[in-house]
Amino acid sequence: MSRIGVFICHCGENIAGTVDPAKVAETAAKMPGVVYAVDYKYMCSDPGQNLIKDAIKEKKLTGVVVAACSPRMHEPTFRAASAEAGLNPFLCEMANIREHCSWVHEKTDATTEKAIELVRIMVEKVKRNRPLYPIKVPVTKTALVLGAGVAGIQAALDIANAGHKVALVEREPSIGGHMAQLSETFPTLDCSQCILTPRMVEVARHPNITLYTYSELESVEGFIGNFKVKIRKKARGIDETLCTGCGICSQKCPRKKIPSEFEAGLGLRPAIYVPFPQAVPNKPVIDRKNCTYYLKGKCRVCEKFCEKKAIRFDQKDEIIELDVGAIVAATGYDIKGTDFFPEYGYGKYPDVITGLQFERLASASGPTLGAIKRPSDGKEPETIVFIACAGSRDPAKGIPYCSKICCMYTAKHAMLYKHKVHRGKAYVFYMDIRAGGKMYEEFVRRAIEEDGVVYIRGRVSRIYEEDGKLVVKGADTLLGGEPIEIKADMVVLATAMVANKDAEELAQKLRVSYDPYHFLSEAHPKLRPVETNTAGIFVAGAVQAPKDIPEAVAQASAAAAKVAALFSSSELSREPVIAVVNRLPPPEYSTCTGCFLCEKACPYQAIEREEIRDKKGNLIKTVARINPGLCQGCGTCVALCRVKAIDLEGFTNEQVFAEVCSLG
Amino acid sequence: MKLGYYPGCSLKGSAREFDESILALAGRLDLHLEEVPDWNCCGSTAAHNLNHLLSLALPARVLALAERANLNEILVPCSACYNRLATAAYELGQDDALRAEVSGIIDMEYKGTAKVLNIIEALNKVFAEAGEIKIAKPFNHKVACYYGCLMVRPPKVVKFDRPEEPESMDELIKKIGGEPVTWAFKTECCGAGLSVSRTDLVCKLSGKIIENAVKAGADALVVACPMCHANLDMRRPDIEKFMGKKYPIPALYITQAIGLALGLDEKELGLHRHLVPVILPERAQPAGPEKAAQEKPAAGAEE
Amino acid sequence: MSEFEPKIVAFVCNWCTYAGADLTGTSRIKYAPNVRMIRLPCTGRIDFMLLLKAFDQGADGIIVSGCHPGDCHYTAGNFHARRRWIIFRSALEFLGIDTRRVHFAWVSAAEGAKWAEFVNSVTDEIKKLGPYETYKKAVGAGIE
Amino acid sequence: MEELRKKARELLETGAVKVVIGYGKGSGQNARAVFVRKAEYADKLICDESCVQNLAVYLTKPEVKALGKPAIVAKLPVLRTILQLAAENQIAEGDLVVLGVSPDGKIIDLQNFKAIEDYVAQFPFELTPEQKAEIEKIGKMSLEERWQYWQEQFGRCLKCYACRAACPLCYCSRCLVECNQPQWVPAAPHAIGNLEWHIVRAMHLAGRCTNCGDCERACPVGIQLSLLNLKLAEEVLKNFKTRAGASSKAEYALGNWKEEDKENFIK
């Protein structure tokens, strides 16, 4: 005979404000099986929890229902409390009378009535709860880090330095990501590559890190501690073991006029190339879309000149399978191109460029070796207009969020320009200046006060070309909305930071959720910022939301710490909420008929075939068996099974059935 | 093809030549235009500045009348009218309660079945139907296509062409052997709203438009809105005074340009009504079609 | 006689709709108190029998809700559910069971407002339809 | 007929099979299932239009399994059922010999599942015009009429489960209705008990039923059971483009999904 205790929380006024806890307690006390019901101001407080613990002991409770907030909030709290009092934690359930009742309904009898029924539902359920025990699963102490920008690099190094193996996967031919493209970094103006490249080298040298460049994630199976991942190592067209990175192939390649991705289209590269001089690894790739040999079937000049005979035209993509225990997604971001802006000419004006392109112009290693020259005619611009919030914070363009880094890098750009072109005029159109960060505000003031950058608060309505100048039409909303026109030689758009094109696909491969803009979602916006709602998968950097370098690095280290914690023991225990196939005494053994229609339905391939044999080893029947390591407890098989041979611990047929019946 | 026709007040007054040229084209391209019976003012611009309901009721009545007359597609040449009718159709399409209320006001049921077409949409339809169009005299001129502000905006309402840099009129010009120039002021404001109260602003705004068109090397401005035309043509003397510069460049309606290409008579098209005489410099190689051909194979059909 | 207050049973998945309903709460968006939510891990877990049981227990309306296609926490549970409901619904239809009383919706963890709207619209519709007498009669008929 | 008996004789003589499941003379005009285990009894086998029962039902019965490897006389619905049973891992290639019988009574040689698949592929699984009409008629009724119609039909149900016994796809060793913890379906033959039983059965057969019609033939009170099953078979075809009993590797329509599956009722 079950002895259920019901504990109703006031949550201060949050519940008691609209629901009558005393009435709920009083009614609950009369429910069959309930031996104790009490209400209290804050159940989650220590005295509140003690109330439960004492009751469990004194009243010899066989089940506990806490009617309070959402189980997503405090279920762990109360289950832990129950466990401390010696009650199996899975005999404790919560009735959500706050989020689903007091907060969403007016103060009426109906609301209290609903609270009572929510309690009744849970009482009926908990009567049928069974003690459950955590499932222990082994942990593969290898981490997969996706993306080798600054975030991925940081995460990989931290995990590796904690003594664990790391597989670092980068889709581009070299690691480094966007940071390698930047000129100087705000607010210190130290050279981006100077601080990044040592880290890149460290990654390459690290004994615990295996680097997979020019590679992409193919598929992910399994679960926390036991992921099986496939990685596609795209054909570089060279034998990396032989190549010395001498670069003769690139020098001799007859096709040299291909816009360089690394130079954001402002520079050119050959068909066989290393993205940039400090690339890691310093091995070229053949761009098959542009290589004469792949296009026309002849050439192979590079092959002739390669002394090491490292060129491999017939090389195929390679699929590498890895077992990993945790995954860190650090695949970064993309930016909108100038073609995204009709009012700025749909990208048809060569001298309207993006912030990233300006970084290349300003970079000492860039196409102009750091000289600010406009793309159209290579002239030094006498006037540059910088437009912040190009696309960002613009619901009409489908990008209502703030890209966060633009205010700072625009100030930096204007500053760099003024440092290089002293008599040049720099204007910045802005909405607000968001310079929250250590030394950030000071940095912006410096641009304005010391370097004389002209900040105009207003939006630019249109840019057009007239007499070889770019006419920038805007309004100064601080000076009574006076329309202004600036004849500029170059315009730099701080275009919005957006998720990668395939971010959604990645999210679906990883089975993590993502927001409307395809940035991956963290498990909790405040309390679990680097975890995803899929156990064992973490996020770092701009893949989760726009971020600047320090934030990305911080998050990467945080993710690394989470991974290290996960790897700290060779076994982790999982919630025992999984499906089971019943077993009965002979001659039935199980009601499972072995139709295995559930097999294909399982998203986790967790359903196996078990042969039941007699002592002589003759096959009696083949029945389904659930691999407790693989099962995630979705219960799809349970609903599918015609004979109800499968059941889901924690949500058994009996429990759910009783819940529904309690409503009668 | 049959279309409903809502000329609006301008086409019966200051922009008669727009009306005339449309009817002339209709005659030539077997387009049967049926005027919406007992139509009223679209409410532009005054109404929607003063009374939202009124600004919906006026166009709604026109649309309702059209529905009664079983006109499911209405040609609305004036951009201002087009914008008002489209806006009303949009807003009432979003909100059944509002639709009911407005139906009550005009005491006629407005169902929302009638579709509003601007002049470009209509011409495209006609051309598409006709398939091959006989070009008598290729409109072999460099043209600045001026769309004005109302035809393409707001995008979510009119859902027509690219709001910032439309192309549809340029395509039409190519079809008749003309050469549209790339220029920056396709959709800039001409100042129509202030035409009377602040003529100086009109001069400034329209002046820039003309200036930019000329700089882009256009022989003519082609427009699709009576307001724009009034400012670019009628106000030319003031503009020239303001800019301190003479601009001989004529401003035609797209319908007139097409009319000329189809070989219609200038009088029929009402060219004589313009204040800026429509004198178009003959160009060396009558390369209309070929030129067009290179740009758009489809236009090759013109020979 | 006071206004008819329908009994509505909602079967929701834990990851999207239950969380979405939590968000409705944290955002303090009000909705009709007629709905009783039964939390399951995934729409894939929702046995069609449960819906019948809900009617047996005198439900006047039923809600089934989970993650949007492609967003299932278990990758595909909701896709399985979708097929199940397509067939189950036509079965009910064919047998003369009132499918205007069975409502389905994808409600994500971010759609707190949608949940409130949905519950209200369902409650209103069921109120219009009145109590599910035909079924209740049939249930009654069982007990001698 | 002779051809069939000859084949059966051979199979039993050579010991290729231990039993031939076929049709024999029953009471009156009816044929009944016979289980021929000795060659000399092979001429008890008959094969004419009176032979309608879906013999595949016996393939999964323990008693029959106990007899040893069977040969089975199989007309079209039986062949489909065999494939469906194979798809559900109830029988495997080589477990049985199939004596296919063509509509004109010829014995067709069907060595393996593949051969059966190719053969049945020539006969599209289609509803008869009558069945189509019936379903349409019910579809056209008002909600209330439809409810009344089925209440009247199910009202007659005695819960004798003859439909289940006759159905070759109801091979579960313990049917859901015997499940009492919880008691999903009320045991008593009252309105709801009957309604739920028939919904459960229809749902369990959706995407599996091969339209042999034995449930309806078996029903002692003449409930139009197959209408419901066929209706759902049509829905499965319409929505998921699959028919049961087409292949030994067929995927179960309700155990599968496609991203592009369409519905118009989920908000």
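We just call them A, B, C and D in the order they show up, numbering each chain from 1.
The rule is short, and it goes like this: contacts are C-beta pairs under 8 Å (C-beta built on N, C-alpha and C of every residue); 3 or more make two chains touch, one makes a residue touch a chain.
Bear in mind the structure is a predicted one, so any value in this text is a computation, not a measurement.
Contact tally for A-D versus A-C: the pair with more C-beta pairs in contact is A-C. Rounded to whole angstrom units, the spacing between the C-alpha centres of chain A and chain D is 50.
Per-chain Cα centroids separate chain C from chain D by 34 Å. With centres defined as mean CA coordinates, chain D is found 69 Å away from chain B.
Among the residues of chain A, those in touch with two or more other chains are 601, 640, 653, 657. Shared interface positions of chain C, defined as residues touching 2 or more other chains, are 48, 53, 56, 70, 76, 80, 84.
Counting partner chains per residue, chain B has no residue touching two or more of them.
The list of touching chain pairs reads A-B, A-C, A-D, C-D. Chain A makes touch with chain B in their complex at residues 342-343, 345-346, 462, 464-467, 471.
Those residues of chain C lying in contact with chain D across their complex are 48-49, 52-53, 56, 69-70, 76, 79-80, 82-92, 94-99, 103-106, 118, 134, 138-139, 141-144.
If you check the complex, the residues on chain B that touch chain A are 162-165, 183-185, 188, 212, 215. Across the complex, chain A meets chain C through its residues 70-73, 96, 98-101, 103-106, 108, 110-111, 113-114, 117-118, 121, 508, 511, 513, 515-516, 533-534, 577, 601, 603-604, 632-636, 638-640, 648, 651, 653, 656-657, 659-661, 663-664. If you check the complex, the residues on chain D that touch chain C are 138-139, 141, 143-151, 184, 186, 188, 190-193, 195-196, 198-200, 202-203, 206-207, 228, 231-232, 235-236, 239-240, 253-259, 261, 263, 265-267.
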